[in-house]
Structure formats: C-alpha cells, structure tokens
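Below: one structure in structure tokens.
Naming follows writing order (A, B and C), and every chain is counted from residue 1.
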Amino acid sequence: MTKPILAAAGIGILLAVPLVTSNPFYQHLVIMVLFWTLLGAAWNLLGGFAGQVSFGHATFLGVGAYTTMLLYLKLGWSPWLGLILGGVIGAVVALPIGLICFRLRGPYFSLATLAVAEIIRLVALNWESLTAGPTGLLITHLPALNWFGLPVNWESKLPFYYIAVALALLAMGATWFVSRSRLGAYLLAIREDMDSAEAAGIDTTRTKVIALAISAFIAGLAGGFYGLYFRYIDPDAVFSISMSVEMVFIAVVGGIATTAGPIVGAVFLVTIAELFRERFQVGHLIFYGLLMMIVIRYMPEGIWGRVRSWLPGANARS
Amino acid sequence: MTLLRVAHLTKDFGGLRAVSDLSFDLAEGELLGLIGPNGAGKTTAFNLMAGSIAPSAGTVELSGENIVGLRPHAVVRRGIARTFQIVKPFRKLAVLENVALAAFLHEPNRARAEANAARILETVNLNGKHGSLASDLTLGEQKRLEIARALATRPKLLFLDEPMGGLNPAEIDHACELVMRIRDGGVTVILIEHHMKAIMRIADRVIVLHHGVKIADAAPQEIVRHPDVIKAYLGERGV
Amino acid sequence: MATLLQTIVSGVLTGSLYAMIAVGLTIVFGVMRIINMAHGDMVMLGMFGAYWGYALWHLDPFVSALLWVPLMFVFGMGVQRLLLRKIIPSGELNTLLYTAGLSLLIANLALFFWTGDYRTINLAYALTPPRPFGIAIPVPAAIAFGIAIVVTAALYLFLSRTDTGRAIRATAQNADSAALMGVDVGRVDMITFGLGTALAGAAGVLLAPSLYLYPTVGEILVVKCFVIVVLGGLGSVPGAIAGGVLLGLVESLGAVYVSVAYKDTIGFVLFLLVLLFRPSGLFGVGRS
C-alpha cells in the first residue's frame, strides 16, 4: 500500500515545486537535492547494493562534465546530446577502471579507486591542451532551444529544475528496477560473500562491472548536468576527493542499498549545508562527518533504512 | 562413463607441495570418499578441481573438457558444485534467498527460481525455515542449506567438504541418508570426511591422501586394512 | 651530479618523515586490521600544535614536541577506546567509512576554527641552510630527520624488548592466540592506536617548520600514506620505513627529472601496480 502511493506523492510534489515557489534560491536548493540524489543513487548501485565501496566516484562525474563541456565548447555539439554522451563516456571509462580495481577486495578496492581518481584528477589538471587545466571550462551562452514551440529561458532555473527531476527519476527508476531484478539479487549476494556467490554460479566480475557501468553512466549524466547548470568546471571541482566522499555520505546516511535512501540522504545533507552556510558560512562538512559517524554507529542501514523498518510490510525491498 | 578425469594434479605453495601428482578417474554415479589425516591436501584438491585456486601442474577433465583455469562460477556452470568445510551461507539473507540465488543460474525468472528453491529445501528438510536468516540456523541446518544451494545449480558432480563435521550422531545418520539420496538422484559425489563410519557406510570407493600424495584407492573395506593407510593415521608404530 | 645528490638528499629527508607517518598507520593496521582514514588529520593536528606553540608561546617546534606527542598519544587512545572500539566489530568497510567521517570532522573543525589560511613557521635558524659539499640541507629538515631516526630506533627497541611491545607484535600476528596467552588485547589495541597517533602527531610537529600548514592537508597525506604502506607491505614496520623513504625519493626525483606536475601521479601509478601484482608489498613482507 504505502510504497506506490509515497512514490506518486513524491513525484507530484517534485513537479509542483516550481508552482509553489518562484524564489530562485529555493529552486536552487531543490535542484541541488536532486543533483545529489543522482550522485547518491549512482554510488549506491555499486557501493550499497554490491558492497564495493568506491572512494573515487568523482572520476565519472568529472568525465561526464568534461565530455559535455568539451563537446559543446570545442565541437559545437548540442549540450543535451553531450549530457547523454557524458553518461556514456563515463560508463566506457568505468570498464578498464573496473577491470583493474575489481581484482581487489574490500578496503584495497576502496584505496585503489582513490588512487585512480587522484591520477585522473592530476591528468586533468596538467593536460592543459585538452582540459584547459586549472583554468577550467566556461560556458557563456547556451544554445537556443524550443520546447514544444516555446523558447526555453536558460537564465531561469526552471528548465534545469525539470531536467534534474527527469534525471533523478531516471536514476531512482533504474535503481528500483535493478533492486527487483536478478542483477540486484546477485549484487546483494556479492556484498554478502563473494566466494559463496561464485559457488552459486554467479559471475562476480561481470556482475560488478555491469553495476559499475550503470553507476558510472548515472554519475556521468550528473557531471554533464553540473557543467551545464553551473556553466563552469575545473578539475578540483569535479574530480576532487571531497566530491567522491560526499557521494558516499549521501548514500550511507540516506540508506545503503535502498531506492529512496539517496533522496533522503540528499535532503538531509543539502538542508544541513544550507543552514550552516546561512549562519556560519563554512563548517557544514563538520556535520557531514559527525552524521556519518553517528549513522555508522547507530544506524548502519541509514536513515531511510531505519524508517523503512518501522513501516508495515517491513520485509518488502525498496 | 568417466565423468571426471584428474591427471597429475599438483599444487605448490612456495616450498610446500600441498597436492602431489594426483590422478584418478571418477565414473558417473559413483560416491567417492576422500580421506586422509589433517593437512593431507583434501580441501586443496577440492579447491583445485572447483577452480578456486590454480594448479601448478596437471589437468582436470569434466566429461572430456579440461576445466583448469576456469573461474569458480564457470566451473559451476559446467556442472560441478561444492560446499565449504567451514560453512559460508549468505548470512544476512533469508534461507529461501540463499538457494534461489543459486537457482537463478538456470532459471532467470524469480518466481520460478524461488519455486525450485523451495522444492530443494524440502529435499534437505529445511521446509519451515524459508524466511529465517541464514545466520539464525543451527550448524546442521546451515550445512544442509549449503548443500541445497549447491544442488540448486543442477550439478552433475557435487563436492562435499566435511558435511558431517560438528554434527551429532542422529544428524550424521540423516546426513548419510541425504548424501545417498542425492547420489541416487543422479548426482555423482565426492565426499571429504573424517567420520570413518559414515564413509564405510555410504562410499563406493575411497581415495586416501597423505601429505598431498594418493596412497590408496580402493573399496572402503580394503582401505581400512591397507597398511599404508594405517601407517598414515596411526604412525609407524601402529602397524 | 650535484643536482642528483641534492635531489636524493631532499628525497631522503622528506622520506624519513613520510616513513614515520606510515609506520603509525601500518602498526594500527597490523594490530587491528583497520585502515584509519583520519591518520593524515592526526599529522595535521601535530602540525598545528607546533604552529600554535610557536605563534602563541614562542616555543620552538622541536621543543613543543615534548608536549604534543604525549597529548596525541592520549588523544589516540581516547579515540580508539571511546569511538572505534564499538565500530570495529561491524566490519572493515564500516570502520573505513567511520574513520572517513572522523577525518572530515577533524579537518573541518580545524578549518572552522583556524581558517584555511596557509600558515608557516619561520625559524630564525632556518633562513640559510648549511651547504656541506655544496648540497643544501635545511636545518629543520635535518633536525627532523635526526629525531625521526631516534624515534624509529626507540620504537624498534620498544617493540622488540619490552613486554608491551611483544604483546603488540603477538596481537598483530594472531589476536586470538595472543588473548589465549594472557595478552589484554583491548589494552594492546588502545596503546597501538595511541602510538600510531603519536607517531603521526610527532611527524606533524617535525614537518611543521618545513611546509605550508593548512587544515585539510590530511587528505593528501593520508593518500600518500596508503601508497607507502602498500608499497612497503601492510603491517610491516621496516616496510613502511623503506616505503616512506622510497616515496620521498620517487617524488623528489620525479619532480626534477620527469615533471613537477606529474610527480604525485608516479606514486599513485606505482601504488596501483603494487596492489595488483604484489599485494604483499615490494618486499613481500606485508599481510594481504
């Protein structure tokens, strides 16, 4: 009973927000929640469901962002095509990274992803002919677009809002779909015990790579969105360890291996960040760290994981 | 019909030769016991045959196909399933899910996979426990769960690694019956066991390993009288 | 030739401090099998301790070590006893995530209270480095190197000659057996973590006069520390020392002979190669 109704209500609320507030600040906040939901959902597929804790997911965000920006700025391709390609290239890059890193298990895998992310960040920083290095890439002007006959106003936040909603729904839909599929069951088995999973006939490497590819695709889409929304990227913004770590936090605090966890985590963290920014300017990361510690200690299943266990029908997934 | 042909299988761990030049054929429908003192290399032999570790030399042929070098899941797909000496269930998943995951190998549809799993759980006598977490089961139940999981992959050949370890006499009797039922159902079985009575009762044939070397390969009644076997278990003076 | 020697000397000097930091991380891993993501922030705390000692009380950093190192030891023990002890049983990954949260907490508290401005300690005697054989050896780096050697020797003696040291080594080999032999594993865990933190803090104090200090330095340090510890073999103290010096050399030589930009990359690539092909470390002494 509760799940589909909650979901429909949630979607209804999302679509109605711009009708309720035309204040760009609040619109920006909701866009940020959706953006982090995207990233949290992406990480969750690999880190939550499959138990492969990646500390380098910003790699795919950055690859997506640079793909989108470079295709538009250097080749003049449509940024919307670029957005999708950002996801695709993210997934493509994930394949060799996965093949290298999946040979390792547990914390060694995590450290390897960190190393790979740092290498890519340093390459992006130094390969100036391709990425413009620390100067970064700037979009001054987005191409005119007509949506069902109406010209889209890129100065307003609204178009970005709806794009973000679409992407977030895509990510959550993909997560939901995976969680109910054989792939999802296999991922949970891999998380539990990789040797037993192999003994059950599961091709653990192939399964992990598939999860990583989907995860990287979504993160790449998020990266492309980031570039088009903020119109400026540089290696330290999109390839940083902080970015990777914040993705982990969203998923872990919200609820590992759940569909709704990332959005709960994103709401929490963006709200805290904004409250902090208002009163203290800096320091919201203090609370991220603290919350992370509290969640791991008292609620390793995450906030949504805990809430879900109170709802009737507690054994249902999602 | 030779189902499994092992030829000159050898494994070195640094300076230690854990398995040395092991060769034997296994016919379809046989129930082979693999025994030997602790450290004899029995589990290593299983690991070699199941693909968990790579041999230093030798081949393993299943129905004529060399399976050396295949990853464990690929070996499972070819028809060899195994249990572990120290049980490894998916602890935080439900009993039914544990088996359904393996059933998925041949049946991608969840409902049908779960139905298959339920049927197998019935054959190992774990009916009432579908929803329990694997970690909540007793040791005997976990061992049966692991057998169920192995059976769900529809193996031609089943490796059981000390399925009776830690069980009480009544449970051991049930386990013997279960293993025989499995063999009668068409699955060839290799059984590592320390329980000599169980081996005597159910095995058609026994291979004895000692320090990685096969020292005997015969029917159970001859094995217990075999001088090398007695020496291996009891030492020189015991003969 | 002079450049090569200079590069090597600089590499070894830096490497010795890297080694100290890495030893701290590796003993914690060896005994408790945990990877402490907050280790770099412990170094940062040592650095800032030295800075504030100098800025507020005009304490020479090397003298202030006498104050800060014992404090860091107690702090480390507190963190292990009060925070980590409850988390470790829930698994490696949870502990990793928890220490990542702790790292964020410490680094950002520091950032909040001390701001992100780069600080430096300008010691009067550091201005003109002596040049034996034409090779510049900055005085603070030399003193740090000397102290690092003394500390390492002391640690070696502690681990090999004292009862507590032996208890630590026993627990690192096999915690269950050690417990059966009467070792208080809980106490060993606490002391080891304190020791690891103290080493990190000490390295921070020693490094303070030679670097720009800022609160988020822990992030990059902890990553380098992992590289060292993996190169040298997880859990191996001699390995960590060798790995630290090796990384110092690789970075120094890389900066001069390959490119300043990519010098950090070399370390990471080496790290990945070792993780993939020789997970027990370059010298094969590590635990996997």
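Throughout what follows, a residue touches a chain if its C-beta (ideal position, glycine included) is under 8 Å from a C-beta of that chain, and two chains touch if they have at least 3 such contacts.
Please read all numbers here as calculations on a predicted model, not as lab measurements.
Enquirer: Work out per-chain C-alpha centres and flag the one nearest the whole-protein C-alpha centre.
Expert: A
Enquirer: Once every inter-chain C-beta contact is counted, which two chains account for the most?
Expert: Highest contact count among chain pairs: A-C.
Enquirer: Greatest Cα-centroid separation from chain C: which chain?
Expert: B
Enquirer: Distance from the CA centroid of chain A to that of chain B, rounded to the nearest Å?
Expert: A distance of 44 Å separates the two centres.
Enquirer: CA centre of chain B versus CA centre of chain C: separation in Å?
Expert: Each chain's C-alpha centroid was found; their separation is 47 Å.
Enquirer: Roughly how many whole angstrom separate the Cα centroids of chain A and chain C?
Expert: Computed value for the inter-centroid distance: 33 Å.
Enquirer: In their shared complex, at which residues does chain A touch chain C?
Expert: Those residues of chain A that touch chain C are 51, 53, 55, 100, 103-104, 106-108, 110-112, 114-116, 118-119, 122-123, 125-126, 241-242, 245, 248-249, 252, 280, 282-283, 285-286, 288-293, 296-297, 300.
Enquirer: How about chain A: which of its residues touch chain B in the complex?
Expert: Listed in rising order, the residues of chain A that touch chain B are 182, 185-186, 188-189, 192-193, 195-205, 315.
Enquirer: Using the touch rule from the top, collect the residues of chain B that touch chain A in their complex.
Expert: Checking each residue of chain B against chain A gives 50, 52, 71-74, 76-77, 81-82, 84, 88-93, 97, 100-102, 104-105, 108, 110, 131, 149-150, 152-153.
Enquirer: Quick one: in the complex, what on chain C touches chain A?
Expert: Where chain C meets chain A, its residues are 35, 83, 86-87, 90, 92-94, 96-98, 100-109, 111-112, 219, 223, 226-227, 230, 259, 261-262, 264-265, 268-269, 271-272, 275-276, 279.
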